[in-house]
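Heads up, the next two complexes both have subunit A, just with different partners, subunit B and then subunit C.
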Partner chain A sequence: MKFGIQINEGPYTHEASDTAYHFIKAALDNGHEIFRIFFYHDGVHNGTRLTAPPQDDRNIVNRWTELAEKHDLDLVVCVAAAQRRGIADADEAKRNGKDTDNIAPGFRISGLGQLIEAGIQSDRLLVFGD
Partner chain B sequence: MSVTKKLMYINRRAPYGTIYAWESLEVVLIGAAFEQDVSMAFIDDGIYQLLKGQDTNDIGMKNFSPTYSALGDFEVTQIFVEKESLEARGLALDDLMHLTYEDEDEDYAEKDSIKVVSSSELADIMEQQDVLYNF
Partner chain C sequence: MATLHTVNKSPTDRNTLEACLRLAKGGSSVLMIEDGVYGALKGTQKSGIVEDAMKDIKFYVLGGDLKARGIEENKLIDGVNVVDYAGFVNLATENDRVQSWL
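Our next item is the complex of A and B:
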């Protein structure tokens, strides 16, 4: 089955992104396809490379990057939600006059159309959050 | 993209306590470009999003409620409000904004977009959808 994934909450405060990660891993291990993972609302904070969690905890951002690399996943951060919350790639940083970008490797910033498309193109759209 | 699916946006939260309502509305407006069979459902505190006479001056936030009146122009014409959620909050249809659309199949006659449905009717409508965007 082809899954679209929407993640609505940021890392650590809320378990939604952990649950999504475990679901996606299990789905891939069982031969399913992940069409796209779309980060919305505070979910965009999953895509900052500047997190530095304690050594003995899971590194949620790095975990996404590694999973995306291993399975060639499409990790999309919503541009409108990202602009509000200070997540930027080099182009966005430049466009908005910021002195740095912070997007983690494996993520890309794009529009809400990517979420709609994930709903239309996938067999199931799963939403992780409250 | 030639596929046409039935998409429903489900709104469950009050408009200003969290950003979900506003960012959900942004999805609906962008989604209109995809020419799908779209509907919206308002349940629980989500029905407060449609309340008449919203005034956000004292909380320093943008009042985005006028945007709902534009939904008809975006061909979002099916807006379901759950009857039980209204009643539980002491509200009636008259307390909500009057949202309309122009029906191009009937010489652009103005029609009401909002339909009050029971919880079980809404469950049936949800069952018919291909995709539920949940906010």
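Our next item is the complex of A and C:
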């Protein structure tokens, strides 16, 4: 079965990023497909490569990057939510006159159409957030 | 067409469990996750709403989230089923859609 996932909450806030991660891992382990993970609202903070959590804590951002690499996942950050919150790839940084980008490897910035498409193409869409 | 409802907040914090149970149709399932697991405790002010809904709605709770809060299974309302993440995935596939109450 194909799952679409929407994450509305930042990392280290409550538990949405963790719950979503464990759900996705269990789905993949049981032979299901993850069509796309769409990071929306404060969820876009999952996609900054500049986080530096303590070494004895989980690294939520790196964990997404590693999972995406291993399973060829599509991690999409909502562009409008990202602009408001200071998440940028090289193109966005240039377009907005910023001196650097901060998007983590494995993530890409795109529009809300990607969420709609995930809703249409997936058998189930699950939302994790606050 | 059955729906899996997920509830992630304690019923003493938000009214999402109550709102969910007000609208959930018979034959649907409710999975309590994160702080939502407090809704599965017996003997609380809010236990009644779950007990009343049980005749036509199935209730599940995420075991890891119970454990994280030090809640033992014998503290749960009778009839609430404990599942792991694989069980969560199965519930999502067995139902026709998933509604997250946030």
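We adopt the following convention: the second predicted complex is superposed on the first by the 130 of 130 C-alpha atoms of A that agree within 3 Å, B and C clash if a C-alpha of one lies under 4 Å from a C-alpha of the other, contacts with A are read in each partner's own complex, and residues count from 1 in each chain.
By our rule, a contact is a pair of C-beta atoms (placed from the backbone, for glycine too) under 8 Å apart; a residue touches a chain by one contact, two chains touch by 3 or more.
Predicted, not measured: the structure shown is a model, and the values here were computed from it.
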First (subunit B), second (subunit C), both or neither touched by A:72: neither
Which superposed partner A:127 touches (first subunit B, second subunit C, both, neither): both
First, second, both or neither for A:99, with subunit B first and subunit C second: neither
Partner chain(s) touched by A:3 [first = subunit B, second = subunit C, both, neither]: second
Contacts of A:29 with subunit B and subunit C, given as first, second, both or neither: second
Which superposed partner A:112 touches (first subunit B, second subunit C, both, neither): first
Subunit B versus subunit C as contact partner of A:56, first or second or both or neither: neither
Partner chain(s) touched by A:19 [first = subunit B, second = subunit C, both, neither]: second
Contact breadth on subunit A, by residue count: subunit C or subunit B: C
Common ground on subunit A, meaning residues reached by subunit C in one complex and by subunit B in the other: 8, 125, 127
Residues of subunit C defined as touching subunit A within the complex: 6, 8, 33-35, 64-65, 84-86, 88-90, 92-93, 97-98, 100, 102
Residues of subunit A defined as touching subunit B within the complex: 6, 8, 40-41, 80-81, 111-113, 115-117, 119-121, 125, 127
Of all residues in subunit A, those that touch subunit C in their complex: 1, 3, 8, 14-16, 19, 22-23, 25-27, 29-30, 32, 123-130
Contact footprint of subunit A on subunit B as seen in their complex: 1, 3, 5, 7, 19-20, 23, 26-27, 30-31, 33-34, 36, 131-134
